[in-house]
């Protein structure tokens, strides 16, 4: 029948892990300040721990932060830096329209594959979407929740090592679901929060002249800055399209419009 | 069995995108005032941004406004003006009676097709209906919600560009569903809100004589006007059927009856 | 198996539209007062509008009123008076025991058929039953609700005209479901509310003698009358069975028992 | 598989209507007082009305009362007295373990069969069980409710007559479900409520001697009596098993234990 | 597939009724006091009533009491004492993991079989588990509830006699489900509630010496005793394993720990 | 189809009980204090009781405690010490992504197998995960709950002995589900709660020098200690990776960070 036809038309073509990591890192990882350095250092510590022969075989880390803060890119970067022979990405983007049971089977398969390898790293991206979290109700897939709660604590077989890197922008939801305590550790990805952070990214973008950068710096001085790296890169894209003489104004006004720049201090 | 027979009888015959856009634009886009001009200008900016090679590959815009305000026609107009080689319309009108899983598969297929094209534009019409939003409960399809939340943020493959234009008359519902933040930008479509706006449309309709128009203008002077373009065109239709000497009165009384014309100011 | 056998035994044998309209009009439309005249006039105006070549192609009217007030008969009468070549009745009586998905497919098929005809009229009878509305909960079929919300606003293809006549005795429920605003217009069918209305029907029934009618008139004078035409015709049936000398008393006492006749004013 | 085997093992063997009516009337209808006479008279009036050629073709009566009050027996008695050529019993006892959809199909089939006959009578026994009413929640089968709401109002085809007799001990539940207004009329079956009522049944039972009956009468004098006929017949059964000299005491004490006999007045 | 394999592996091997009754009576019925005598006497009365030719054909008894009070054993004992040729046990232990629909079919089959026999007795053990009662929510199987509500009141065919013995430790839950009124009678199984009751069981166990028994009696004197027979037999088991000189102390301390022995009066 | 393929790809490869017990005991059972000794002694008492020929055939023990307190390891240790010929582990780790019905069938199969053996021991690990307990709602699998409630009380066939060891970190949830009373006994596994407990484990780990241990002891003196054995072993792993001179500081700061070491007393 029709539904069957549709279904067969959509053969899930899961990208290779390599391609997926590249995609998550499409614009690289710009070192816009101390928080980026610390996070990568801490992350590498867990990578080492996961590798160590004497330790327990399982390390699971939650990488959480505001939407657009760069969580997925950082998880991908750590996965690449780990140099583990087996790396897999478990992402809701590959499971659009899956029933919760198909989702669970797919997740399980990724872990089952990992258990067969000596050194494995699994990136579980956007956990709240994997859980089908819908705020009205609220609703979520309990089947997937139960699967993750078990998999996050399940030791790989004797002699195997597994590093799990999860990302989420709904830390409080995971807490309510009693999932937070299932992680070995939690890393927080902050938004850019000072004019210096922003200027670092702008310089790296090579769009504005030295004078323009100074003008932007003057404008941001004393103001509250709070913006995710992905959003900021988007604003730079937009500024790049506008005509050169309005670029600075355009950029600054959009920053304010999007709530990234405030005259008065605000609490997130 | 019977159900199977029924189902096979109803082979979804999806119209071509071209036909669907024409249908949405059946009565053109009348420039009844400054808001129409601005909205189209802003819209074209996003079209440019979506096309630009240096930018991120994904622009998603929500076009929201009151029922009958002209959202679908404006989305269709922008899609046509974009001149993108691949344009698809994803509309609940094509999915009447679909289960939520059939709906998701159909939506997913449209996006999968788009990812295979270099420059694609998808019009997602009437999002609250796609989500099966029912105010008693409330109820909605979480499967579809999760699919849209992922698809609105999923980057097309390297080198591909995707512009997503969504329409909705339930902005506050999308907000509650945490979907609003998944859009790059939001454009608001206003109702006609001054006698001048209405007169612009009436002139364009070539139904009333100059004297009749002046009489209508006098009648509306100082009153609160608030009506969607689709509703207004309907009233003109009706007036066209009534006999010539009562046309003006008929038109004005229907305007009041439908709440489009008020002696005292009202807030929407 | 057994269920399958049962299911196949019940081949839905949908009556022809002609038969169904006749059935709805089994006892004709008695002109018991001004409200009947006005309602038919207003109704014919929408019929004209639906036919007109210049207009938008879609007119949808809700005919609502108390249970037994004659909604279905009036919808059928308008459908017949329209003289449209294609007329279909969409009634819950044809869908007893259907799953919500079978219901939706059936409804959709009726509309799909109509779109293929130039001038079509669809009578959607008893909308609250089509929606499986159950007051405890409340419960309803969201699948059917979504289908109707879309179909009530979906333009027929270019050049085709569609008139939709819906009936319901639960206007407030449709309002809560945000379905009311999907109609082009709403017509209210009132109950009989004065002794004159009742006497008109009694005369038409040719059961009582002139003296009996006068006696009934005297008895009803000054009292509150509120009864649906279908209920009233039922009471006359009953009176017809009782022996001639008690007929008047029987009729009047049953009127009171059923709440159709009150000594003191009551609000519905 | 196992379930399938079980299911096939249980071929629903619906008894003939004749057998089912006999079963419902197993202990006859004892005329224990005026309420029984009136109820049967009123009932026969509806039977006549259903038969009359001039009337509308459909009469539906709800026979409601406390548990054990004799509703099913009275419905069966009326159905037999009607002398209609087609009589069917629609009882939850034939549908134990049916899914709601199988229940609906079975109900529908009974009605479909009736529509093919000129004069039909359907006894729908124990409506609250047909509706799967469970007081915790509450829960009920909306599919069955919708089916009954439609079938109770659906006219049989032209020229056919249908009498529907429903029984229920949960009138207030039907009211909440807005089913009450779908009936043409409602008949209330009372419990026995005076010593005379009880004595009438006891005499009919031919168990007690004249002296014993007088002793029982003296004992009940001035007390509140409230018991269903089925319960009362059960107590007589029990008394019949006890040894003759304790029979009267046993009977009276059980009456009190079961709440059928009270020193002080109680409201049901 | 896997699930199918599992399912087929588990062919429900329902024990014979004889074996099941023996199992329920594994430790016999110790006459620990007057309550046991009375309960068995009352029970036999219902057995007689069920057999009597003149009576109605159906007697249904609920045997309810605290967990571990001995309900199942007493029901089995009555069933054996009835000497009915057809005896069946309907127990949740035979339906572990069954869907509610499989449960209903199994229950129904047992009753259908009984209707074919002249004198039948069905033991329905642990009704709250048959109903899948889960206190959080609460949840229960409405399908099973409806089936039981009907089967408990359904007369066997003419000339057949049926005795139904149900056990439950959640009387108040059955009450809420309106199931209590469906029984002909209710028998309450009490816990042991005086030192004499306990001593009776201890003597029967032949574990303690005369001196030990006296020491236990002295210890319990004046204290509140409240313990189920199954729990008490368990404590004796445990005491039997401990070394002889600590037996008495061990027994008494465990009694207190389990809440079966209290210094101060408590209400259950 | 795709789902089928996935499903078949994942043939559940249940480990042997031996392997599973070894896995649960991967790091042995360190005797860090009196609580460990007592718990094992008490546990062995139940093992003896389960074996005894005179006793009832069924002993079921709940081993409950905070997350990471060592419940699973202790259950496995008792199971091994029991020396029962048949030992099986029933763990959610083997049922990731199973539907509730597949879960139930798997659980049932383990018990069915056990009933065929003379002396059986079943370890049911992590009951709250078997029950699919999700705190938002809350949600749980009632099918599994009902299965466990029955299996925990079901006597093995005559002559067979069964010992059930369950673990859970949500005692209060089991209580709410009325499961607690289904166990013969409950054993509580405490966290380490004094500096001595911790030092015992550290010495056993052979990581720190004598001086380092003394420095750690000084640091913990007077502070509130509360940490699970699994967490503590994890911290030692981490300390093992850091460079020798910062090891002590690292260990102590992580202890505080994880909430295992507090300046001020806290209540769990």
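Brief remarks on what is shown
Here the chain labels run A, B, C, D, E and F in written order, and each chain numbers its own residues starting at 1.
The rule is simple: a contact is a pair of C-beta atoms (placed from the backbone, for glycine too) under 8 Å apart; a residue touches a chain by one contact, two chains touch by 3 or more.
These numbers were taken from a predicted model, which means no experiment stands behind them.
Contact with chain A and chain D alike is made by no chain in this entry.
Path length between chain C and chain E in the touching-chain graph (shortest route): 2.
Both copies, chain A and chain F, contribute mostly unmatched positions to the interface they share, with under half of the numbers common to the two. Per-chain CA centroids place chain A at a distance of 33 Å from chain B. Work out the mean CA point of chain A and of chain C, and you get 57 Å between them.
Looking at chain D, residues 7, 99 sit in touch with two or more other chains.
Across the interface of their complex, chain C is touched by residues 4, 7-8, 11-12, 45, 48-49, 52, 54-56, 99, 101-102, 104-109, 111-112, 138, 140, 142-143, 145-147, 149-151, 154-155, 157-158, 176-178, 181, 184 of chain D.
The part of chain F that touches chain A in the complex is made up of residues 1-3, 6-7, 9-10, 22-23, 26-27, 67, 92-93, 96-97, 99, 126, 129, 132, 134-137, 139, 233-234, 237-238, 240-241.
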